[in-house]
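A, B, C, D and E are the chain letters, set down in written order, and residue numbers restart from 1 in every chain.
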Amino acid sequence: MPEHLASKSDKIGLPPGTPVFVGEQRSDEIKMQVIDYGESVFDHRTVDDVKALFPYRDKSTISWINIDGLHDVDLVQGLCQHFEIHPLVIEDILSPQQRPKIEVFDQYLYIVFKMLNYQNEEIVSEQISLILGKTFVITFQEVPGDIFDSLRERIEKGRGRIRKNQSDYLAYSIMDVVIDHYFLVLESLGDEIESLEENVLNNPQESFLEDLYYLRHRLIYMRKATWPLREVVSTLQRGELTFIKKSTLRFIGDLYDHIAQVIDTVETNREMVSSILDVYLSMMSNKMNEIMKVLTIIATIFIPLSFLAGVYGMNFDMNAGPFNMPELSYKYGYLIFWGISLLTGGGLVFFFRRKKWL
Amino acid sequence: MPEHLASKSDKIGLPPGTPVFVGEQRSDEIKMQVIDYGESVFDHRTVDDVKALFPYRDKSTISWINIDGLHDVDLVQGLCQHFEIHPLVIEDILSPQQRPKIEVFDQYLYIVFKMLNYQNEEIVSEQISLILGKTFVITFQEVPGDIFDSLRERIEKGRGRIRKNQSDYLAYSIMDVVIDHYFLVLESLGDEIESLEENVLNNPQESFLEDLYYLRHRLIYMRKATWPLREVVSTLQRGELTFIKKSTLRFIGDLYDHIAQVIDTVETNREMVSSILDVYLSMMSNKMNEIMKVLTIIATIFIPLSFLAGVYGMNFDMNAGPFNMPELSYKYGYLIFWGISLLTGGGLVFFFRRKKWL
Amino acid sequence: MPEHLASKSDKIGLPPGTPVFVGEQRSDEIKMQVIDYGESVFDHRTVDDVKALFPYRDKSTISWINIDGLHDVDLVQGLCQHFEIHPLVIEDILSPQQRPKIEVFDQYLYIVFKMLNYQNEEIVSEQISLILGKTFVITFQEVPGDIFDSLRERIEKGRGRIRKNQSDYLAYSIMDVVIDHYFLVLESLGDEIESLEENVLNNPQESFLEDLYYLRHRLIYMRKATWPLREVVSTLQRGELTFIKKSTLRFIGDLYDHIAQVIDTVETNREMVSSILDVYLSMMSNKMNEIMKVLTIIATIFIPLSFLAGVYGMNFDMNAGPFNMPELSYKYGYLIFWGISLLTGGGLVFFFRRKKWL
Amino acid sequence: MPEHLASKSDKIGLPPGTPVFVGEQRSDEIKMQVIDYGESVFDHRTVDDVKALFPYRDKSTISWINIDGLHDVDLVQGLCQHFEIHPLVIEDILSPQQRPKIEVFDQYLYIVFKMLNYQNEEIVSEQISLILGKTFVITFQEVPGDIFDSLRERIEKGRGRIRKNQSDYLAYSIMDVVIDHYFLVLESLGDEIESLEENVLNNPQESFLEDLYYLRHRLIYMRKATWPLREVVSTLQRGELTFIKKSTLRFIGDLYDHIAQVIDTVETNREMVSSILDVYLSMMSNKMNEIMKVLTIIATIFIPLSFLAGVYGMNFDMNAGPFNMPELSYKYGYLIFWGISLLTGGGLVFFFRRKKWL
Amino acid sequence: MPEHLASKSDKIGLPPGTPVFVGEQRSDEIKMQVIDYGESVFDHRTVDDVKALFPYRDKSTISWINIDGLHDVDLVQGLCQHFEIHPLVIEDILSPQQRPKIEVFDQYLYIVFKMLNYQNEEIVSEQISLILGKTFVITFQEVPGDIFDSLRERIEKGRGRIRKNQSDYLAYSIMDVVIDHYFLVLESLGDEIESLEENVLNNPQESFLEDLYYLRHRLIYMRKATWPLREVVSTLQRGELTFIKKSTLRFIGDLYDHIAQVIDTVETNREMVSSILDVYLSMMSNKMNEIMKVLTIIATIFIPLSFLAGVYGMNFDMNAGPFNMPELSYKYGYLIFWGISLLTGGGLVFFFRRKKWL
């Protein structure tokens, strides 16, 4: 996050709408793919020159242009300007730490949201910008990935409703794939919570606190990424956007339910994590009590007895007078000593038993 | 829950609306029952072939079709397609981890909610899908159960208003039976809370923390299952749905009150559980204080005395000079030693009394 | 509460609207009173037969029928059916664990709320059902009580506005009496909080935690009983109900203020109770620190000295060599020992002083 | 507060609208002042007889009648009845524990709010009732005070806008003076918080917990007094009241901002107090750790050594066999003992160093 | 903050709208700059006399008047009166502790918000008042600063859209610069949180609690400064203000997103800080447990053994009878003693191992 903020701060002083890429710089080339399809046509190609994408703006078939990589500002800007995208949107596309949001323009919708992946106990987040026009959808990703492969195959093979629908359905399908991935992340988080749960109810390990802390961290992050998305989908669902056909609304409603479920689960997880922490703290406190009990019992029994033993180890001169340690010369003195010791010890044990410490 | 998420993730990449059963696979057969009734007719039969259910779509009498088991995807899909149910709904019926929700279609309503049961200190949850058409109600359950037996009997015997009303009243009656069962679960949870309460105010048992943890767990779960239901019933109650007759609205209002009461009680229980935890932690802390007090009193009294006894057990050579332990040859040395010991001990006891430690 | 839930669960399987009394069974007879009055007429009688109450439905004077006791289901049902009360309302009247609510019907309003009393440090709650018709008010109570005596006297003596107003003002007056009693309960709770407060800032007693726990309990209960009532009165106040005259609205507004004040005070009390608990825990922690300090000071001073005394109590053979405990034969050995002891002790006392432990 | 509740409960059973003074009884006389002014006229007098105030109702100049003291019920009632105030309002004026609120009547507005003062580390609260008519403002205070002196002077000297405006501006000015005093209280609370803050980060004093507790108390109280006032002013500001001129609305908006700032500051203070408590508890916990460390280090080093010294103080008969304490006759036995002691002690110190306990 | 409140209280008694500067008094002169520009004209000058600014009110070009310093009340008032600013606004401009707010007048908008800077681990806040008229923008700052230099340069060089737009775009640009600075503050806070995080997961330093406390402080402050700003921008964005052109609305929407992101991050940071505190407290508790374990193990092993050694150091007279310490004369007595000691010690070590304390 500091990375993001740092980069944000680099832009201070520039006029708003200035296209600057504020993510991590990469050297690899930007990958441009286009899928063009109608009910009976299908074409999938990778292009090298951004100009090759320009004609798709005005084709009557549905075109899905996917740009992997944002570090070539000129390319992104060139494409966007041809598609008549607002400069502020271009700026947002190039700033990969946007809050999920939707912006409505006359000729297109701009939607930005997060792709989440769970790798090595970390949530890896990537910003996806989606521009939905009448006959085209443009998506921008920072890093090339394969999550849309199944969707591409579905389009190619003409499976499902996708080939019979318009660009709004394509946009829906893209978001659906992304939100479906949230469940994978939740699944991993759920596994972690379960393992922490077991951990705490048995013997907590050294790393417990650290694990818990980072889990909370991830849940905070997850919430930050999903909460605003609910509003985004809710805006789509309201049925006031000319781009969204009525038949697609039902599917977007389904999307909304999925997000609601994701958010629900995140909140539930947060509560469970905090109740795991409560249990942990109580356990620590219990353990301390147990330790203290052992110490107290041993000390309470033996400290007075040690004193007694110390007394009869004193060297008062018995010849100096009859009151100086006459016990030492008693015939049964030693036995009496042990008797007193055992009685005292036994009495204390009895006392602790009654206090339920033993 | 991870089961559910896992299963959700299995579907990633499939087109939306693809009917896949994502619950636990079973081998037992699906049970199909239909009750067909009007004010004066009544028919109850179990069918083997799903096609036998098709005619009930267009009958003018009220038909209640109940499907126990979802693992035969073809069967469910066949039935739904005949009744012209939207593919997304079919998908939802087959995914048994939906959030409670209502979806309004022109020809029917789709309502999904949870049947909760309390078995062996666990909340067992089962999804019930309900499709309310003009003259029919279809319910889907995962596991066969007997909770609707009393309702069936009521229909058969013509008790109550049910035979005189339409399908909306039947749907209400089904939901009413389910929500009434929530009170049974709350009752069990209430008993558990009471036993934890007694437990903590007397001597907490070993398993206290674990019990408390799982109780909180169940309350979180219960809340997750009931909160969205309030909105579902509130949608039904708003009186804008053509399927719901005005006379039924009053009953749905009653349903709403019941859910509100369930949610109220869940929230109250959550607060009580958290206040039980507070008491527990305070008790632990008190107990620790008590233990420490005993240790401190004993140690504080006897450690200085032991030192004194140690001193007079030293072997300084009295012949080396007059300053070497002359006390040992005092006539009353030993008595003076005891006097000092008792005075010191008594003084400390007095000190502790004043500090209210004793 | 479990009682209530248990009873609720007894009804599972019965058709909705079945009149079953789910409270505690009693053997005493039901008491039926009616007060009939107009600006110049007044009549107060106790009747034995429910049929004697029937004529009051159609009298033009204002009639207040009060039923003490709900265990005679037939009686209640008979009365209600004559007054054309909806079966669901009858069911609610007989279930004495309703949430406070209002239901609006064409011919009458049904309002249910709680009478709260504070007896022996317990909140005793009783459900009052009120049916407000054009010329009559029917109230149902579980247990006979005298809280309405002053109101009856006011009607009889013609004090205040009551004789000049309609049934809506009577209903308001009844609710006003009940809500005024909430202040008595709050007063008792306030006293308890104050005594806990004093308790904690002086020396907390044994029963402190238990008292606090039950106090929180009562506040949770109180909140549950009063929150929904605000909505009830707010519905009355909205001025859309044909039964409520405009002149009465001002009085209902006053009622609303009272409830708002009750809720405010309950919330304030909850916060104060939780801040008392915080103080208590901090005090416990302080006390523990103090105890530990005493132990540590004593132990830290005397344990090293005891070791030293132990050293010179060892029996190494001084004849075996010149290095074996030569100190014992020093002329001032014993004095030097005391010197070291006092220096060490004093040094530690100084150290503790600087650490502000002493 | 219990006072208030107690007094509230004294009224139970009386008809609503019965004027009873439920505050503290006083013997001093009620002070009645009237200021009558227009753009060019000004008159300020103190009257003895309430009847002298009656003519001001119908004068076209602006009249501000101020009543200090509420214990003469007849006087207050007489005045109010002449000004045709609703009986419920009279009752509210006489009950000095109202929640801040506004009530709108055709001929006047009734506003009640709290005057807060900070005296001797206590918030002293006094209820001010304000009746705003077309040409008059009546204010009721419990206790005579001088907070309005500056306002009176402003009217007399014709400073500011007040002489050119109507009664609504006078009412605004009165409220403005009162709300400005809230900042004085906040200032004092802010000072207290700062001193607690310093206190906790240095060495907390004995009275810290008590101070914190009472501070929280005062903040709870302050919030209770100011939250509802926001709604009151917001009602005034809505511009729907015929009494409020459009030019005054701007000033009332300013009032609203002030209250919002007061509430903001109260909330911020509450958060800071709770974060001070967190720090305090952590500090206590740290201190305990430190104490325990000292004890543990000393005990861990010397207890084993004491055992060793004890061993060589045993009196086993060396003549009984060669295995009985031969060490005692070693030539370097004593030195070896010290060697072992120093090594053990040093080793433990090293161990604690590595654990960062030293 | 007490400074501010103190100053606020100094104004009590003055008529509302009285211009008094309630900030810190300074001796340096007030700096007045004006930038006057149109699409093709640009003029930037610093003026000495406030009267030189008066002509800019009616010029058709866009004028940005910036006043650095508020301590010359007459100057500020003179300027504002010429521009026909409402007296309450003048009062607000001069009170540098306003809550962020917007006020809409017929001829201008008044917006007040905070400039935040992070210097030496402190958030330095300065109030900026902005008056947006048809052809002019006036900004008031307390302290001269250089944050608007880049904006001035942009205007001068004609970069971006600014020269082609109206005064509303200028006002937007000014707010944009300020809000962009919030990210710099967030960045610094994020760094601090990260360092606290590392700190707590490794070995917490002495100053940890203090650092955490002040960090929370800063986050509370930051929230107080940004929350109300969201409403301000939301008012601007609503599109009902005649001053804001439709083309600018899109940019203001962008502003809104930025603030939403700032608030989001503040909230996330607050949660993270509180979860860091949880970890810290748990760590403390763990550490205490570890310390106690060491003490308990050592004490439990050696205290009983010391007693045993003490026993055989007693001086019971073996000649007085055969029962007096016969062990001392056993041939292997000493060895047996060691044997018992080692067995006991070993047994306890085994016991602690099984309890997982070692």
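Here is the rule we go by: a residue touches a chain if its C-beta (ideal position, glycine included) is under 8 Å from a C-beta of that chain, and two chains touch if they have at least 3 such contacts.
Because the structure is predicted, anything quoted here is derived from the model rather than measured.
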{"item": "Subunit D and subunit A - chains in contact with each", "value": "E"}
{"item": "Subunit D against subunit C, contact positions shared by both copies (same if over half, else different)", "value": "different"}
{"item": "Length of the line joining the C-alpha centres of subunit B and subunit E, rounded to whole Å", "value": "40"}
{"item": "Subunit B-subunit C separation of Cα centroids, rounded to whole Å", "value": "25"}
{"item": "Sites on subunit A at which at least two other chains make contact", "value": "281, 285, 288, 292, 295, 299, 303, 306, 310, 313-315, 325"}
{"item": "Partner subunit E, residues of subunit D touching it in the complex", "value": "150-151, 154, 159-162, 172-173, 176-177, 180-181, 183-184, 186-187, 190-191, 194, 201, 250-251, 253-254, 257, 260-261, 264-265, 268, 271-272, 275-276, 278-279, 281-283, 285-286, 288-289, 292-293, 295-296, 299-300, 303-304, 306-307, 310-311, 313-317, 320-321, 323-325, 356-357"}
{"item": "Subunit C residues touching subunit B - in the complex, by the definition given at the top", "value": "1-2, 5-6, 8-9, 11-18, 86, 88, 92, 98-99, 101, 103, 203, 209-210, 212-213, 216-217, 220, 224, 228, 277, 280-281, 284-285, 287-288, 291-292, 294-295, 298-299, 302-303, 305-306, 309-310, 312-315, 325, 327-335, 337"}
